[in-house]
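Scroll down for the structure; my scribbles are underneath it.
First chain written, first letter: the chains are A, B, C, D and E, and each begins at residue 1.
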């Protein structure tokens, strides 16, 4: 199984699908849809195989694929003793405990979104090409082991997303698309700067064979981690005046803050969240499934992978800040979700609130906190995908998601309102469904480090119940409006994704160790890192 | 007699010419003001010819060239002005703003 | 004069210069007045008339009279004119003209300013007076004045260029712009004068000079028929005088400049005559040149499309020439053909110069009327036989007569007592003389009947008898009818 | 033999789960069969529970099995499983018995409703959750089932979803219980961090707390937080508002959930984690006082209600207050005993009320009257229930209430009197209810008739149980205490307490008879001369309105404020930046007006500034 | 200050310079402030003349008269022709149309003069060699012009030719 380049296959199958779609004539909607569906199902199957084949024990980083892509020689004057001096851009994919579940989540949610996109009404071909491109980008992000490769895929997701929101969205979709692009553009710009600083200082590899010395710069994560946390008295960590390889504390702080801001925009932390609201309300529901299901996770993944793991000391000191930001996100998102009139906005704010829980878990800096954060990512991915799937179907039938207008749909669409109820329960963290596990672990973790912050955060759980019930009940329960009496219940093509998502939510809720097993190795790895770098954490 | 009074006079004339050139609305007067500015320059040249660091006739020769150029300039300026007047019907500088965005 | 210039400039020095300036002004004024007079005389002669002769002996005081008239006359300023410019224009025209004279050397040591840039000085100042002319035309707010001003300015400017260029030759030869040095360069006989080596320059200079002054062939600005009097049409009184003065000062300046540049200045024509002080030679040459200038100007090229200034005969010749020219120009021969025309014109002019003038001093010398001219009647009482024929025949019954018996007893018949003609209504039809058997009443050549009041037009017998000059000889062809004797 | 049935205890919750799955999957096709499946499932689990109970009678050692590896957090392993203690076994029997009877009853009651199978599936899910809760091995598992029970109550209360009141009631029920759950959640977290080895098992908790390994302040915090969870579920004073509104659901549900099982969960939890409470005396005090206050508070409100189910709901709240008071005073067995007896006669009363409603199709007691004649069985069973509740001698109510009052008498005189007064009020409103509904002439024209067999059978069974259940734990035979392993309180018959409580009961009944039975005393004594008191009590001391204003409207206000802040400040800044850029652009535009002189001026000024800058350097040295 | 002024005026040459510069400045100011166009041109002609005079006092006799010839003579006439060829509706120049523009411009001009004045006052220019004697200035200029500066001279001639041909072509009335 190892010989097969599994990761590349998963990542680029959608792209292949997109290429095939190019040759299909525009009018044949049905053919386009089936091809697109296949192009998403294959990676799903492969991801499942990947998940199965992943050994929980042993080295967490598995399925490594490393090929040197671009080698740019740099001028050597002043460095005589070095024989070859170049910058290397490596095509470096691998999967570890943290990215494995997210890769599977991407595959699953994309497949479901492809199914849900069947009720897109215009220009299927371009839609699905953008969709598959987006999926490739997302896979790449989670698999990339090289900073620049990560950035490359990160940018790839922006462009199709811009078109998907901009063309197939609702009323003022252009405005939303523009805001999305500009905001994320700025975010990724800051991220690129941070990456460059990291690579410029710490991203070097010095190999000394018998007669020649090779000094190369590359964005390889493990190399950077190795350099950062090498033995303190190595040449690298001497704070000599012009030691190009040493990152002074202030530089580390700036880079950390930059990454925090860059990923804060992606994972909407409080002040940068306005773009996400517009995208959630204006984009077509199937795209929002992907966006809130996976794209938001990229921000969190980046923050964990590059923010916390590269700068544990700074992260530890900023833990309180992260915690407070998390709580603000939770309470702010929840409070606003309570007063929204539009169901999609309720869900958008609830996403902010759930992401706040992720932040909280992250800020805890202990195994349960990190595990909680990852759990919350995966579970929120599934739940919000399901919710927006339902929103899409409801909107297709009732042409509105205004809470005031809808009501009593349980009578005409019992199946969907049942699923909506389950999704609502999962999102407010009902035990037995995946939502609870994430929250539980995050809060357990946070309780270990900052009790007060966790206690205030817990209010969020109550508010969650308030806004979810308010939203869900005002749609399903209550007297039914006349014009919606006759709407049909979910078709098969809508029912399948709903059921699969509910199944996964239930699976995670009832038997979470299915996800926590592969996670252990990576989390424990991270834990030692945090402990060693930031001193022992209480509890 | 040092050079400063001449230079001061030249500066005064230049500034007056400049003010005239940029504020007057009648194209001819603008041309005139420019002439005045050129004259101020001429005065400088000749003043330097006599009291400058290397007194000599170079300044005067140069002022001759300056006068020639000024004459040529006025000739062409008036020609353009007349042509413009014939086309536009006005000599008001503020109306000549086809360069506007 | 030279040593004056060297002295450091002080108050005394200043006054000397002032005096010299005034003297020069008087000389120039004198010259101007007599230049005007001389010119009008010559023109007169060309037109078979004798020019001004009434004021002063031989009309010498004519231009003085003109000048005094201009001084006394009220100089009006048109209401709509630009007052300041209107007043300023003549000043601007006159000052440069007078200033230009400063540089002209009259004798080896008699000159006002010995400038190294003499010619340039002259040309620069003449340029300024053009402004005056144009301003005059513009300020008088009169379309014709404006056009006249612009035309004269255009002409002066355009001819200034050949004027200056023609001088370049001399400058190149003498190596300096200083007029005094130029004259000294022409010492020796007249063959050292510049006009021989620079003959072309001389010719161009003369023609350009003539046009500079808006003189005859180029006097477009004052073309009567179109522009009335050119730029100074609105001017009157002293300002007009200024303009005329400026013009003639320029004449003097151009003439003297020509002499200085081309005709040897104060250098005597023959070495032997070098004792004659330069001072005399210069005006003589100026005079000769002046004469030549006028003649050449007057007829050299009668202006193709209009009669010469005021001369009808010249005009006729000119008109013939004009047809001639037009035809010639038309078929484009031009060139020497044209010169031949000029020569013939010149010939006509000279023939006219020597011909008898037709001018007559009318008020003094009565005009010779043609034979059968019907003037005022003359009455001889003794011939009248009171036959009343004249009274009856008179169509307007303007004759009233009364007879009285002959006081001499032996003669029979009547003698005239009273004989009145009412010239208010007499139409001088000559019927009364024809019908008078005894030619008692005859016509004279006199026709002056203007009186201050109507009743003076009733002439009595005595007046008629006294009117005995210029009696018409050829009264009526028929022999005296009846017994009356032919008058002696 | 000792553990063969107990080892199968995990089957007890399994049967309802299976029934639930079957009903969900084939709900529409089954139609009639759905009811029978759920009854059979409940019967099976009841029989198994009985077997376990009898097996457990002999000995007191707990049987625990927790090998199911659920979640690994770093080096710590979190396992799931089940545990059977005497208390659990007792609870199993109570829950399965009552839900069986309710199933039978609701087969008849819900006959007409087309979503009956959905109803039965919800009941089965609820039973599964309740049974799961009872036998859970650690606090986390308990919390999971605890929330599941909350959801089931939400679903069942909101069963008739087309009614807006049902929707609001269901939402309110869930949110208020949720508030309580958060308390429990935080308590659990504290436990997690402060328990040696992070274990959450009850046995570990018992050992840790009894040996006093946890310092008292933390223990108090944990106890209070756990009690908050219990308050939420059992409807104690601050979080009681959802219980009366939950009456919107069908009556069998009220009987099953809001009388016998779910509300008892809170009491069960406190009993289960008694060691934590014992560890902190002031937590015990809090529990006692809250319990006492809730008892009398709910009792007073009960007297003024006109809806039959609301009266019973408030009586439940009051009785739960009694149980909490008992637990607070350390008399765990008395509390559990009262829970045991209360489950039966309260379920009886609710089902009776259900059959009355079924008959006259209204819940307002002022429109009922004189039903005794027409509904013989319901009337008699209802009477037995009422007497039991009022604590009249032979019936179970008397014994359990006596146990509590005697415990109160020993430990806390104030609470004793509070309990006594509450007992008087209880007797009074039960009498009022009985006489208004059954005695006197019929006030509504509906022709009432006796309910069919499925209604009456459970009533009779419950009535019998209500009578005999009392003798399990009387002053004379303290079997239950010993069985539950709680040998602390020596059982002495405290005659004074018995006499006083009987007197209170009789006085209440007498007053009720006088006012409503013979109405010789005018009904509106209270309403007449103290109308404000009457309306105050009738409007439930305006607690609901208070909550509405403070929380609901407060939250909405905060939300609105945040929304304005979000739109105008956060988004405002973004729009501000773009507007600034556009503004500067437009400013530059005005400079380009095509006139050369403007450009000239601009050049001149530029030149000057440049010159000044260069020249200026000599005067003031900037950088 | 006053005594410096009197000392300045004591020598003849300074007096002449002072008079001429005064006239030049007044001419320039009148040119700006007068309203009727022709008056403006006259004022400027006056300035040109006085500048010519100053050149002469500076010993540049030839340039002075050339200045008089070309500026006072030719360019003024050209300007007047230009004025006459183009009709002027409202003679009076309505000044306050662009208050901001003129105000700013005035400030700019004054500041520029301030800078120049400051520079002039502080600049100390010491003639290294003896001043050229103005005797026969024209001859010297002629020699220089045709020896050292003959190329610029030729270029000037080309320039003038181009200029006047261009002027004619541009200003020609296209009626034939």
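Assume a residue touches a chain if its C-beta (ideal position, glycine included) is under 8 Å from a C-beta of that chain, and two chains touch if they have at least 3 such contacts.
From a predicted model like this one, the values you see are computed outputs, not experimental measurements.
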Where the contacts of chain B and chain C overlap, which chains show up?
-> E
Most central chain, judged by mean Cα position vs. mean of all protein Cα atoms, is A
Counting C-beta pairs in contact, pick out the pair of chains that comes out on top.
-> B-E
Average the CA atoms of each chain to get its centre, and name the chain whose centre is farthest from that of chain C.
-> D
Inter-centroid spacing, chain B versus chain A (mean Cα positions, whole Å) | 71
Go ahead and note the Å separation of the Cα centroids belonging to chain D and chain E.
-> 105
Provide the C-alpha centroid distance between chain B and chain D, rounded to the nearest whole angstrom.
-> 99
For the pair chain C and chain D, the C-alpha centroid-to-centroid distance in angstrom is 140
Shared-interface residues of chain E (touching two or more other chains) are 62, 66, 74, 81, 101, 105, 109, 112, 137
Which residues belonging to chain A are in contact with no fewer than two other chains?
-> none
Residues of chain C engaged with two or more neighbouring chains = none
Can you list every touching chain pair?
-> A-D, B-D, B-E, C-E, D-E
Chain B partner contacts - residues on chain E that touch it in the complex = 8, 11, 13-14, 17, 21, 24-25, 28-29, 31-32, 37, 40-41, 44, 47-48, 51, 54-55, 58-60, 62-63, 66-67, 70-71, 74-75, 78-79, 81-83, 85-86, 88, 93, 97-98, 101-102, 105-106, 109-110, 112-113, 116-117, 120-121, 125-132, 137, 140-141, 144-145, 148-149, 152, 156, 159-160, 162-164, 166-168, 170-171, 173
Provide the residue numbers of chain E that touch chain D in the complex, in ascending order.
-> 101, 104-105, 108-109, 111-112, 115
Chain E partner contacts - residues on chain C that touch it in the complex = 9, 82, 84-85, 88, 115-117, 120-121, 123-125, 127-128, 130-131, 134-135, 138, 146, 150, 153, 157, 175-177
In the complex, go through chain D and note every residue touching chain B.
-> 589, 592-597, 600-601, 604
Within their complex, chain E touches chain C through residues 12, 36, 38-39, 42, 45, 49, 61-62, 65-66, 68-69, 72-74, 76-77, 80-81, 84, 136-139
